[in-house]
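Below are two complexes that have chain A in common, paired first with chain B and then with chain C.
Let's look at the complex of A and B:
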């Protein structure tokens, strides 16, 4: 809690602090500072101050760290006004995202999945990553859209972010290789304020949506995305939005139990297959 | 031998990227020489050789390697190099990672079916069924017509075509005017002798001792039927171009054989109410081959509108079904429309009621369990079961010499017991080598290795046959599956007994009338 207070004070005094809370789970300790201070100062003081701090928060499981060091708590930041939540993935230009976060006048919560630290950064080359064609939005916190068919056809859009991206990409590859079902994937980096232009554009092509996140299901990012997409693109959807997320529960330490709790490649494949089934 | 191992430096890093080898595989390196570049999350480092010798690299460039794994060996001597190679052979081939595959399962199947090389697809991204279809269409448009329609380019790997496949093209050509004026119903009504005489008169080549059952019809532009063939009553054979049947093959009642070309081998045994043909049997590609000594069970149905290749000694059991086309609903509405050959390689086996879908290929000695549904390939030697059929194990297991000897030795006891239960007078089993008993004055005995010197009359079962086979002696080579010498009803009984253990002996045929068992 005091770390957040110190960082907030530095930001109010014109510095641009980067606060790293190793293990995003401990963000809970700073919530009073976040909700009643950091996010409110600018409006409370009529734009006379800004709080340009960056909080780097490693999130995510699959390393056997147990219930209090494995969560994906970014959904708790949903609905807090005047902050920005950015999640990087292995396919984003992570340096550019972090630079944009530091330059941002808003408080930015920068979500990093732990598994990212051990994986190479795979950036688009010649408009492709592997066999998938990729488009990148021009926003400072870019959204990446992947297509297995160079954007000519698609059965569903899967929207995801952060550490779920490689799992979703594996699922998309399996759907193509085993079933010739072609999906688009939108990897968001800006989660709050929610910016869904790339998702709506993709859903207009595919007519179906799956959301995939590593956090727990209830009240998650997927729920908010589903609500907004059905509102904006009801006539584009031919099937109910499917949500993929962790079960509503705590994360066990044992790796097999942890896997059983978390969203998987099979789960994503099944969700898309369910949409295909509903269509027939 | 020294190993080059990527060591794990911290708790959070599990993989490193092997970006580049600085030396060629299997070249000489010296101690301390940098051999590769490895990128971890923290740094890019050069890895040095721990000693002098020949480097054997275990990974390609640009792959993720789990920390703690050996990435290369450095062999100091030729013996060490050989030891490394021997170890490499034991290791199963690495499974291709998802990222290495870019062709879909449907694309791979289609390419295999048409024998096209996927490298012909020039495209960024995944290779799909549609890409392969386009490649096939392009190749068809540009190339001279590839294989003729007889086998339509189907690979005969693993399939021994029947003895009748390579007939002289003038053999058995019928007079076109005979065919034009033939009244099928009237022909059916003829006596067997008249039928055979009429066909021979028209040009058909029909051997001695051929039995054409009552009410049967045989019509084809070319007819070649070898000695001793038996066609059960009410057979209907109508082939546009040719029907050729090898010696001693027999087909039960109510056979229906309709296709463009039928090449049936020697020593085939087929049951009753078998149907070859169905939709598309007049198509240019409607070729049927059945290998020598194949078995076809009662009521089997084989659709022939694309080539169906059934290998030597294939066991296609009762009510199994083979289809070579599927034309249910419109392709323009997204339904599958498939025409594809089916191949059963030598000694493969298809269980009761199993269905082989168009494009299936059963590998040599593979077994498909009853009621399975086969789509695609079953590997050679596999046991496959299910809907769709999946390989779950091996179709046979390796026998030790000692176990084989034990099983063979026990056969004499089983045969002795069977004959006694059937009410035949048999002597008690006499121990010794050969070990056996007497029936009707003939000695029936087993010896591991036959070297001659047996008193006639006798039927000797052996695992290895080297000695002379004199008059009055028949020697059954159980491993070579061959009968040497001749014998009467006792030999027939032994052959029938062996057949029921899957040991089919040459020369054929497969079943014997008048045996005691």
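Let's look at the complex of A and C:
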């Protein structure tokens, strides 16, 4: 898709273009530009240029759009050096994230889950969102950490982002109400370069980690997070990292088939229960 | 008007520069690969003479040395770059195909550069700099779909892009008749873009045609599609034939002997 190249050319010449792709699935059409141009120009031209562009890309399923209009392809950006991938959630200051992205000298891929467009933005008030205490990192692309016990007790950390956050928060509520298991949740916004300080802080308190993403399992963000956390905090972990993601397949259009492919509240609950050595 | 002697000097320098690169390559002093521009020098010199390096921009391709030298005259920076030396124009990070200096850029993926040059033209138009964004394509580039998306956008948005198609009749090693259907010039015309087609390596004819194209872009802000038929194969074949004849004749000539001397 030439528009990625057009945006790159504009950015090379001092503009700060925002390229909006109607469906993030179409990012596949721009991958030559992303891999061989946008992400490379600055370093291969020996820092003589910058490419400060933003690509807004709606991702995600649960609207019945079918296999080519429902994917969460941000994981394909994970292995590309010199770019930034930011995902907003309904609890982030989305306007601040987008402003930071536009002001960033790096190319920023701004991932918006489609379900966000129809949901209210729930920001922390007095350090809480609903019943949960929330801490927000001071980075331009903040991480939010949630706790049901004001950070005094936690059985596991669930790290997630974007459209998976409400599902994970529902799972956390169910774990409290049905099983009296208390978890912390970290909602990242900066996915690439991966910044896991908030995750490591939480894992130091909880001793266990579940990753939850809407993209397919294999080669997902969860795999990279698991690798990094076991490397940095092996002695903190009392159980293997659990990964929750979509099954490795297409996302069908029909709702029951779609639901069967995607990560669910029950899946997150089961993963935490597995760490606890318990069955639901 | 630039003097013919100046054109000749520029073309001759590019030719000798690249012949020197080939020699250095044989000696193992170059890293990676090098795509030479031998036989196409008139094109770079004739077109780029109309561009102002401090205002206009060029996006070139993998075969970029001639364009780079004609635009920047930075032979040392280029040679160091392809030799992997620290003073290289990109510190040795880019190598032969990935150059950047001032308003000159090149990249090694065919087709990829065309939308980027189109975006550069859009930025310059918005900034009202009057810059012309020139992009050098080859016949092989015409097999890449983004080329046509870019022609569409440049025409639709009336962007100051000079598309120069250097038809050297080969996409790497594939002859044009196996990779290219239809007319090249008609591709530009199909998008409503002013088009001109040359079949020459005469630098003065190329210079005249490019002058018309660049003037038209500057006056109207519209893109232009200039096709130059380089016939690299014919030039190389003529050179090869002459060299082969020479080698054959020399081989058949009597050996020098002490008696003859």
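What we mean here is this: the second predicted complex is superposed on the first by the 277 of 280 C-alpha atoms of A that agree within 3 Å, B and C clash if a C-alpha of one lies under 4 Å from a C-alpha of the other, contacts with A are read in each partner's own complex, and residues count from 1 in each chain.
By definition in this document, a contact is a pair of C-beta atoms (placed from the backbone, for glycine too) under 8 Å apart; a residue touches a chain by one contact, two chains touch by 3 or more.
Here the structure is a predicted model, which is why all the values come from computation and not from measurement.
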item	value
Chain A as common anchor, with chain B and chain C clashing or fitting	fit
Touching partner for A:32 - first (chain B), second (chain C), both, neither	second
Chain B versus chain C as contact partner of A:178, first or second or both or neither	first
Touching partner for A:148 - first (chain B), second (chain C), both, neither	first
Partner contacting more residues of chain A (chain B vs chain C)	C
Computed vertex angle (chain A) for partners chain B and chain C, CA, steps of 10°	160
Partner chain in contact with A:44 - chain B first, chain C second, else both or neither	second
Which of chain B and chain C A:10 touches, first, second, both or neither	second
Lowest C-alpha to C-alpha distance for chain C against chain B (Å)	30
List of chain A residues in touch with chain B within their complex	114, 117-120, 128, 130-133, 148-150, 170, 173-174, 176-178, 180
Complex interface listing, chain C residues touching chain A	57, 59, 89-91, 93-94, 98-101, 105, 107-109, 111-124, 126-127, 133, 146, 149-150, 153
Residue ranges of chain B touching chain A (in the complex, touch as defined)	12-15, 17, 39, 41, 64, 98-99, 101-106, 124-126, 128-129
Residue ranges of chain A in contact with chain C within the complex	1-15, 17, 32-33, 36-37, 40-41, 43-46, 48-49
